[in-house]
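Chain naming follows the written order as A, B and C, and within any one chain the residues start at number 1.
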Amino acid sequence: MTLIKFIEILAILVGAFSGFIEARRKRMDLVGVFTVAFITAFGGGTLRDILLDKRPLFWVTHQEYAILIFILALVAAPAIRTLRQVVSERMIVIADAIGLGLFSIAGVASALDAHMPIFIASMMGVITGIFGGVLRDIVCNEVPMVFRDGKPYAICAFIGSWMYLLMKKFGAEPDFALWSSATVITALRLITWKFDMRMGR
Amino acid sequence: MTLIKFIEILAILVGAFSGFIEARRKRMDLVGVFTVAFITAFGGGTLRDILLDKRPLFWVTHQEYAILIFILALVAAPAIRTLRQVVSERMIVIADAIGLGLFSIAGVASALDAHMPIFIASMMGVITGIFGGVLRDIVCNEVPMVFRDGKPYAICAFIGSWMYLLMKKFGAEPDFALWSSATVITALRLITWKFDMRMGR
Amino acid sequence: MTLIKFIEILAILVGAFSGFIEARRKRMDLVGVFTVAFITAFGGGTLRDILLDKRPLFWVTHQEYAILIFILALVAAPAIRTLRQVVSERMIVIADAIGLGLFSIAGVASALDAHMPIFIASMMGVITGIFGGVLRDIVCNEVPMVFRDGKPYAICAFIGSWMYLLMKKFGAEPDFALWSSATVITALRLITWKFDMRMGR
């Protein structure tokens, strides 16, 4: 349980950073930057918790994350040009891949915790992993990238979620199952990105 | 209750099919096709249940529907061209009209079950009937068709919902009230489509 | 408590009116006009209540507001041209500013009532104040205005929410805290509008 919490924290920071960059790219103002960063970071987990009817939400009981994103939005607004020169696309993709792995497995674990059937648990993993970005794209008035670019982004989350579910099923040590599945998702995402792999349409 | 369940199942299959066609029309990839089909099929009922705070959600306790939509998305992706030659616009409209009737009345029945006041119950019927399509259009980055084309789509759902509410009020036999109201919605939708009727703006 | 209810009622009517005007500007039909007015009026409070897991929703237990918006949508559709000649942009801005103040403080009060930590309570105030408009813009297929125009709209709600939180903290008389904070938000909004003030981007 402590491990799941730690995973979720890591994933939130990465998600906020990615949302932050995206909102700036859309030339949003301070309010937009904060909101989009917040939605990208917490959107997937919040949707999952609403669907599962879990309360209080993670960010409600841990207001320090909301405050942290708020301060980052305030501080980074003037520093954005410098930041974008320092942060390469490669760094964003890597951070995002780590976030995808962590979020997804945290989502599956949380769904299992709520006694969800196995296919639904795998869906909750993918939802937690990708819906921060989906909601971000909807707010930014774009067709969600993850639904149309043919890249196996959600597929990576789906495969890793099933790996975790099967490892749990066959009695693997919990911490090992968590970390190895999250790592597999991150690795798959990075490999498919590196070789620009796409699904048939 | 068994009848309501059966109605909801029928409506889900029709909804998934319509979302499936729409996502392909937007040239979405496999992930988009599955998600949009899923949202179109379950979006209206899910929104209603979140508003009414009913859990677990229908598709959570019946994972077989999620699995079915998943398999359909997998299988139909390569077969889509053939499928679109076989399936005419007329067939989509008819299937969709049946879905509208079934979903709406299932929505009203569910709201009455939760002791909602009568006008809210009629709204829940319309929400269940049309918000799958509304959420589909939002995800596809379009102004929801049902809000702007002037066709009496939601109006049909609204009229049938009130017919059901009044029949229940005046002691009609439950099964008869359900089926006749759903049929009226479907018939109204098909008639207004046939004659291309529009509301004044 | 009675005061909070009264505040919410006032804010709802103003919100519906603003959504109503906006939907007509997008040339939506009757269904769109009603839905967008409804979402603008109740969207912020509904999202807050879903996040806080409060039920039943305000508009569910008070169906008279839904009926009122329904009748207004029906009656105003033919009268829209006359109405737009009578209602100036200035009147819409003023009404909207009053709504912003009332909604936001009602949102903070409701969050405190649910024992939310202080920063989250301030966020709930802003969410209640601005997300009716955010959801309206998403449904109307636009990037939410409040995230991109650089005007300190949400900032006004944020400042007033903190004023209310601090007044409560330091033992101010509840009614006085409510009304003065709401008034400050409205006044700040009108002043920043009058002088066309914008945040740095």
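Operating definition for what follows: a residue touches a chain if its C-beta (ideal position, glycine included) is under 8 Å from a C-beta of that chain, and two chains touch if they have at least 3 such contacts.
Since we're looking at a predicted model, the values are computed, not measured.
The touch graph of these protein chains is complete, with an edge between every pair of chains.
Interface chain A/chain C: under half of the residue numbers present appear on both copies, so the contact uses mostly different residues. Inter-chain centre distance (chain A to chain C, centres taken as mean C-alpha positions): 30 Å. Annotation for chain C: residues touching 2 or more other chains are 50, 53, 138, 141. Every residue of chain C that touches chain A in the complex is listed here, in rising order: 50-53, 116-120, 123, 134, 138, 141-144, 146-150, 153-155, 199-201.
Residues of chain C touching chain B in their complex: 23, 26-32, 35-36, 46, 50, 53, 55-57, 59-61, 63, 66-67, 70, 77-78, 138-141.
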